[in-house]
Amino acid sequence: MSNETEIVSAWLTSDEFELARQRLPIVYLNLVPVRLGHDGVPTHIGLLLRATPDGEITRMIVTGRVNYGERLSAAIARHIEKDLGPLALPRVPNVHVPFGVFEFFPDPSVTGLRDSRQHAVALGYVVPVTGECQPSQNSLDLMWMPVTDATPEWLNSELSDGYATVVRMAMAAHGLL
Amino acid sequence: MSNETEIVSAWLTSDEFELARQRLPIVYLNLVPVRLGHDGVPTHIGLLLRATPDGEITRMIVTGRVNYGERLSAAIARHIEKDLGPLALPRVPNVHVPFGVFEFFPDPSVTGLRDSRQHAVALGYVVPVTGECQPSQNSLDLMWMPVTDATPEWLNSELSDGYATVVRMAMAAHGLL
Amino acid sequence: MSNETEIVSAWLTSDEFELARQRLPIVYLNLVPVRLGHDGVPTHIGLLLRATPDGEITRMIVTGRVNYGERLSAAIARHIEKDLGPLALPRVPNVHVPFGVFEFFPDPSVTGLRDSRQHAVALGYVVPVTGECQPSQNSLDLMWMPVTDATPEWLNSELSDGYATVVRMAMAAHGLL
Amino acid sequence: MSNETEIVSAWLTSDEFELARQRLPIVYLNLVPVRLGHDGVPTHIGLLLRATPDGEITRMIVTGRVNYGERLSAAIARHIEKDLGPLALPRVPNVHVPFGVFEFFPDPSVTGLRDSRQHAVALGYVVPVTGECQPSQNSLDLMWMPVTDATPEWLNSELSDGYATVVRMAMAAHGLL
């Protein structure tokens, strides 16, 4: 992603960053955008449509790194804006208690969560968005999936690399399974 | 800590690691060792006595990095063994839900939590230990503080860099405040 | 409280309810109203000023029973409206995960949390309110206490029956201690 | 259950209790017994086999009321002993933070969780047991289901009244979905 590369280059050259992320676990965010009903319960999950480097098409939540010196709340706001646009109006969640911590490894046999580029320790947050969302250039589309239709089977067929599990855990954290 | 340096050198030279940790947030653990009563409620908190690089004496919980490729549960067991000895018999906690996430910065004015060496994102876990503990060479002593005596004032006077807050949040997570 | 009596009478006579609550633990809510900053972090805690039946003046959070057949989310909305008025515009929290469960007994020596009328098992929720609040007739006043001023000492001196603990745990749940 | 009736009669006559539970929500426990692996992760879920009043055979977790004056930790220990025997050696969990709160109603259309006898607000806890378990007379059998085999489909087919959801949420709370 050219976007990420630019940000990175302010801190590390790409080469230095590539070296580092083959040697250190990376602090990551797994953000599940939701629309809330009037009773505060999530009704829809926001899923991006992405083309992976190998040309596969897959649905995806919002993810990304935390930068050096950056607060978690700022990183959450930055990644939501990057992927859902500046008018998404996210409600920044309570960063102190993620709904789960997710361990991604290049080898999917370790945890079932795969990140081919790095060992990432991802903090999971549900992020209610109240404004107008439009997917960034990196995405082909954004859909709002009704929570009631996001069955394990559907999620498993549409999301890769174990992200179906992350979404289901986000739902579980709100009593929705 | 010579111990950490050795582990690091298997992955990164010290120089490379020093470079990386001035450029990337580091995945960290904040482990609060406790003894449990028969009703499962923590009765005592284990606190190490440490001499800091500037010669200050301070009480401290168990902390440390997660290595590249290492599971959180393995890193917890490794750091408990490193600081409390091989007979501590820790009960590895549910790594999926830390009691809190703590953001440490070199500048203490950001969050009140200070780590002069790095920007660390620390996952907090309470770790019940059931065996015999003896502090490692890096520590001068290990004390078991009764939870009822660990008042905010006492913790603030004995722990530095904001760790009093981490301990109080660990207590709060068990309904002990 | 005449208000509560009326609601109760729809279900149980006062006598029946008095009998029941001397025999069964009561499902209760402990609601901590907060104002949020732009980063989603609570900046102020809403505290009511109440005269107790014995004429003591004490600060208090919003509390109350869950009725038979009532959803937790509805009970939260009802009690916030009852105590903070119809324009408080509460954000109903995720009811599935209270920040803590609190056991109140007539005898304060059991848990430090006292309810002279009953054994209550209270679910604690932080409730952000975004509208205009005005205290109900049952309260003498409503104050918004800056989180940074809500020290353990201040809370202990202003709140009775262990509610200082509930407020501090609410703060801890948001990383504020 | 004759067992429950006896306990109740110490506090309320059966008639009084029947009256009360048609008028007040009841404080309940939903306990998911597990065996832990050496890394502290649940490997097996304990499920009882029960005959319901209408003669249906269903798998079930450990559930029950909290008595007047009884601590949550004591109620957990009592119900585990009642259903899994006196040698089960449960590790009493941190009662302050249930993995979820579950709202059961006689009408299953409200939340999907059904209790034909009452409106119950159930606190969910995962309870590791380390001893020998044998099911009480109220149960036909106890099985230890490997977590990896406890698929949504299997749970839905074997547990009734929405308890499949409770078990899946218990698993989710440990990062197992």
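Per-chain residue numbering starts at 1, and chain names A, B, C and D are given in the order in which the chains are listed.
One rule holds in what follows: a contact is a pair of C-beta atoms (placed from the backbone, for glycine too) under 8 Å apart; a residue touches a chain by one contact, two chains touch by 3 or more.
Just so you know, these numbers come straight off a predicted model, no measurement behind them.
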Among A-B, B-D or B-C, the pair repeating the C-D interface (over half the contact pairs identical) is A-B
Two candidates, A-D and A-C; the one with more touching C-beta pairs is A-C
Distance between the CA centroids of chain A and chain C (whole Å) is 35
Among all residues of chain B, those touching at least two other chains are 71, 95-97, 100-101, 173, 175
Residue set of chain D touching chain C in the complex reads 11-12, 16-17, 19-20, 22-27, 66-72, 95-98, 100-101, 103, 105, 110-111, 119, 121, 123
Residue positions on chain B within touch of chain C in the complex are 100-102, 152, 165, 168-169, 172-173, 175, 177
Contacts from chain C onto chain A in the complex sit at residues 39-41, 71, 73-74, 91-97, 173-175
